[in-house]
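Please find one structure pasted underneath; my questions will follow.
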């Protein structure tokens, strides 16, 4: 589900702005660290859960204003490299601000027990994460498909030039959607922090996986991100356990097969 | 006969763009295709050049059925088109673009270790062509630095550098000033001595000036075909097309 | 969504400047080799080898318009196959380099046959995934030494000619020779009809097919050549360092290679050498002084991407034009 | 051509002379080069080792009027970078002793250059068995541990405790596999049997859920596990939230609950039984002094990595002392290092002549609750453990 939160953010940025954002993982890491700081200061997980994504979105907003605005029309290579530079910066700034130790956030008390699901005990925090994932998916769906702003967004995705003619302020929409995408990365970071901890290097670990999900699902498609993250997440976790011989390769194989069959991803336009 | 289309149809989804087209082009002829916007002229061009695959019918070139030949293969047979929108190699100079095109005709594109730039034979030939299309002053300018009209000239230059047997020109004078248009007409007139040319054009002056024969296309159908004089006098065409255009 | 329109920008095609820059770089390297110490010689050899890798990426990116984030895979293929040839089969290292070149080309050919149809971002992603796949496989493969890699690889033994390859001076020269050879081959290919066609392919592939160019075939050839060159780099790298570890095949290595060529100026071949030198020296020097060098390097990358579209090559070209102008005035 | 060269004059002169900086060689300075990660994911280990080693040097002001200078070389945990830094330290900085590295792949990468240039190398962490077996050298001394050394005693100990069945879990890379096989050999020799094993993709596994389910169903009495860093934290927390500790004993290589990770693992780590070459709760004069000094200076409980760094410093000082400060002959220096025996925070240390690997005590501990952060309580001490490597009489 974390994968979904991440991929949803990335797919929005990817599909909407055609920006290849390799720094998405860094935003995820920064979101987790900001959450860590808020949690340490206020000792309230809920506050961290709300504020961390907002701060990450703010960072995304600033990044867009300062950097991405200029490379939106550049070729993909430049985008890749610019965001590659951002990975470096993200890694080192986290190290300078928060040090190199691994940290961890405790889940709030209500969610720290296990619940019996289908005869197996299952940590309730995990259920909470799944719940958040579903909630965000539903909210995004409603936002993009049912509201007026959503319609404008979709118009900007499908045909930017047409959208401009219709007097949709595509620039503004792009900024906010970029910030939203980054905010989702931050949300993912703080949501998984109680399970996976907060440490330098967590950015790289999710980056490739997220990119694969987006490509498999089809850039710009929310549905693709959802299905893709479920598929990849499932294949990744269970593939490792049941066919360990090819565990390392299996998700890439899934991606390769998908792209050979559908070169634009499952739900790509 | 160089090209023949037999009962050709093409549709995009549920929209039929070309319906049952029959068309013949003889050697060394200059044929014009006219028709209102959306009549299917560009689609017809793309089908002939092989960019698009038609659904039904046959394309016969020099008595060979080329239905299944790809765009590249058709180009190598000598069916070369110039595009409606300028689409050259923006970062190459005029000379480089022409030399590149010549390299295709000579079939040396798979040579790895010969220097294209210093091949005297190709160089001379390229200068010849550049002179023909009237770009001799610009041979070392980058394509994207040329004015629109000159770019159209280069566009034709690239096409003839492939020494086509059938040259497809898609609106060669679109968006040009009257002076530039005159230049192009002169250029094509010169070319039509040596090549078989098919022109799609909006500007009736240009067509009357150049084409020996004219096909009129309307909503994917050929509604008329004949000498240019006949077209001028045809009531049907006047109503359908020229009437509106010349208001 | 149409990614077809994403066109790579490359620097101006200018064979003269390319040769001049190359000569300057080689002369600088030679001076460093002659006057530098043990470490400098190794360093130059390393830069020369990285330059080969950068040139292979440069060739692919500028000529075919293909950006590969998985090219470190070929570095790894070259490196591991050389290792196996030398250690397990006892083949002389020089021949092993040639063989690894062939293997690299062959695998490049196989892979490219499937992936060159993809465009822009999908191509980047698929190469990234393939590279990671290879990395993951190497990382766990017992045969290839797993995460610890393999050490104890020897250099070409040509002592019968009175030359000791283990002398860093000799090996630096040997690497430079390889680099020059590859530079000349790639320049030659760039100037050839095929090279010009590849350039045209990047600029406008529709138009190229309209004049009879086999876009897909050209791309496959470009990818194959490029992967072969990368394999040579990998093979030499193993001989230089005497060991191989999976880190060499990580995708960030490809990323750094791309940064090198963007710093040097994409599409200029000798710019790739310049970029490799500058980036590598910068990283090395910075990491000696400050532990947060990554921050600075990252910032520099961003500045280059934003403000120096043609990289250092563009800078040199501007400088040259200004100098030429000054001359004409006098 | 000449005018063209002149145009690039600047470029020409800057490039070569960047490296030609000569280093003055001061005879009164002992130069220690570190090859440790100061950037990247293992930075914390590099810092612990360097900090503690400096602490050892500070305690000993100067030896025979010589000052000790530490030159840092950042390996970035990349073997190729490390090799390049090793060459720089050896040839440009002319260091007398190299200290490093943290990871085994880096150690193997720099091994040849160290041996060729005859520079004594003291390994303060990397555990690959081969370093003091097939690839051993008189110039390479390991003051930390071999993967076998830590895990093998645990196999015997657990078998002696009457545990019959175990399940193995470790990351899928060389060290993980070495540790598991060391444990397995001794555990099976003691009469135990392994019911199953899993190797998780190294540094790519964040969710242990599926593995935990499988381990639960295996019916083994104990789980033997090794993880480090973020994976260790995640594993311990996830195993706790899945209630694995209620079903079987969770045991493993001691790094899994290193003092570095305990602040993040908190109570989830309680009950874990592990083996390690150092635990902070060792009650000896050396350890108490060291702990106090370290906490005063760096404000955290020293980890085994810090101790390894500290002992490295001690060994260097003793070696220099034994040569009366004359370290110009590197072979003598190397053999002096190999002849040292000191008593450090973790107990008495001597170097095994057969492998140049340290002989040390291994502590079996259990994680128990402490004031704020859990503590490691020593259950058993196994004296003077050797690595079985032999035949290094070079």
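Going in written order, the chains are labelled A, B, C and D, and every chain counts its residues from 1.
Just so we're on the same page, contacts are C-beta pairs under 8 Å (C-beta built on N, C-alpha and C of every residue); 3 or more make two chains touch, one makes a residue touch a chain.
None of the values given here were measured: they were computed from a predicted structure.
The fewest steps needed to get from subunit A to subunit C, moving only between touching chains, is 1. Subunit B and subunit D have centres, each the mean of its CA atoms, that are 73 Å apart. For the pair subunit B and subunit C, the distance between mean C-alpha positions equals 42 Å.
Separation between the centroids of subunit C and subunit D, computed from CA atoms only, is 35 Å. In subunit A, the residues touching two or more other chains are 92, 95, 248. In subunit B, no residue reaches two or more other chains under the touch definition. Shown for subunit D are the residues that touch two or more other chains, namely 39, 43, 172, 199, 201, 204. Those chain pairs judged to touch are A-C, A-D, B-C, C-D. Residues 92, 95, 99-104, 106, 112, 114, 120-121, 123, 125-126, 192, 195-197, 199-202, 205-206, 237-238, 240-241, 244, 247-248 of subunit A are the ones that touch subunit D when the two sit in their complex.
The touching residues of subunit D, when paired with subunit C in their complex, are 4-5, 7-8, 11-12, 15-16, 18-20, 38-39, 43, 73-74, 76-81, 83-84, 87-88, 90-92, 104-105, 108-109, 111-113, 128, 130, 135, 172-175, 177, 199, 201-202, 204.
Within the complex formed with subunit C, the residues of subunit B that make contact are 49, 51, 70-73, 75-76, 80-81, 83, 87-92, 96-97, 99-101, 103-105, 108-117, 158-159, 161-162. Across the complex, subunit A is touched by residues 39-41, 43-44, 47, 172, 198-201, 203-207, 209-211, 213-214, 229-230, 233-234, 237-238, 241-243, 260-261, 263-266 of subunit D.
Residues 10, 12-13, 15, 188-189, 191-197, 199-200, 203-204, 206-215, 218, 221 of subunit C touch subunit B in their complex.
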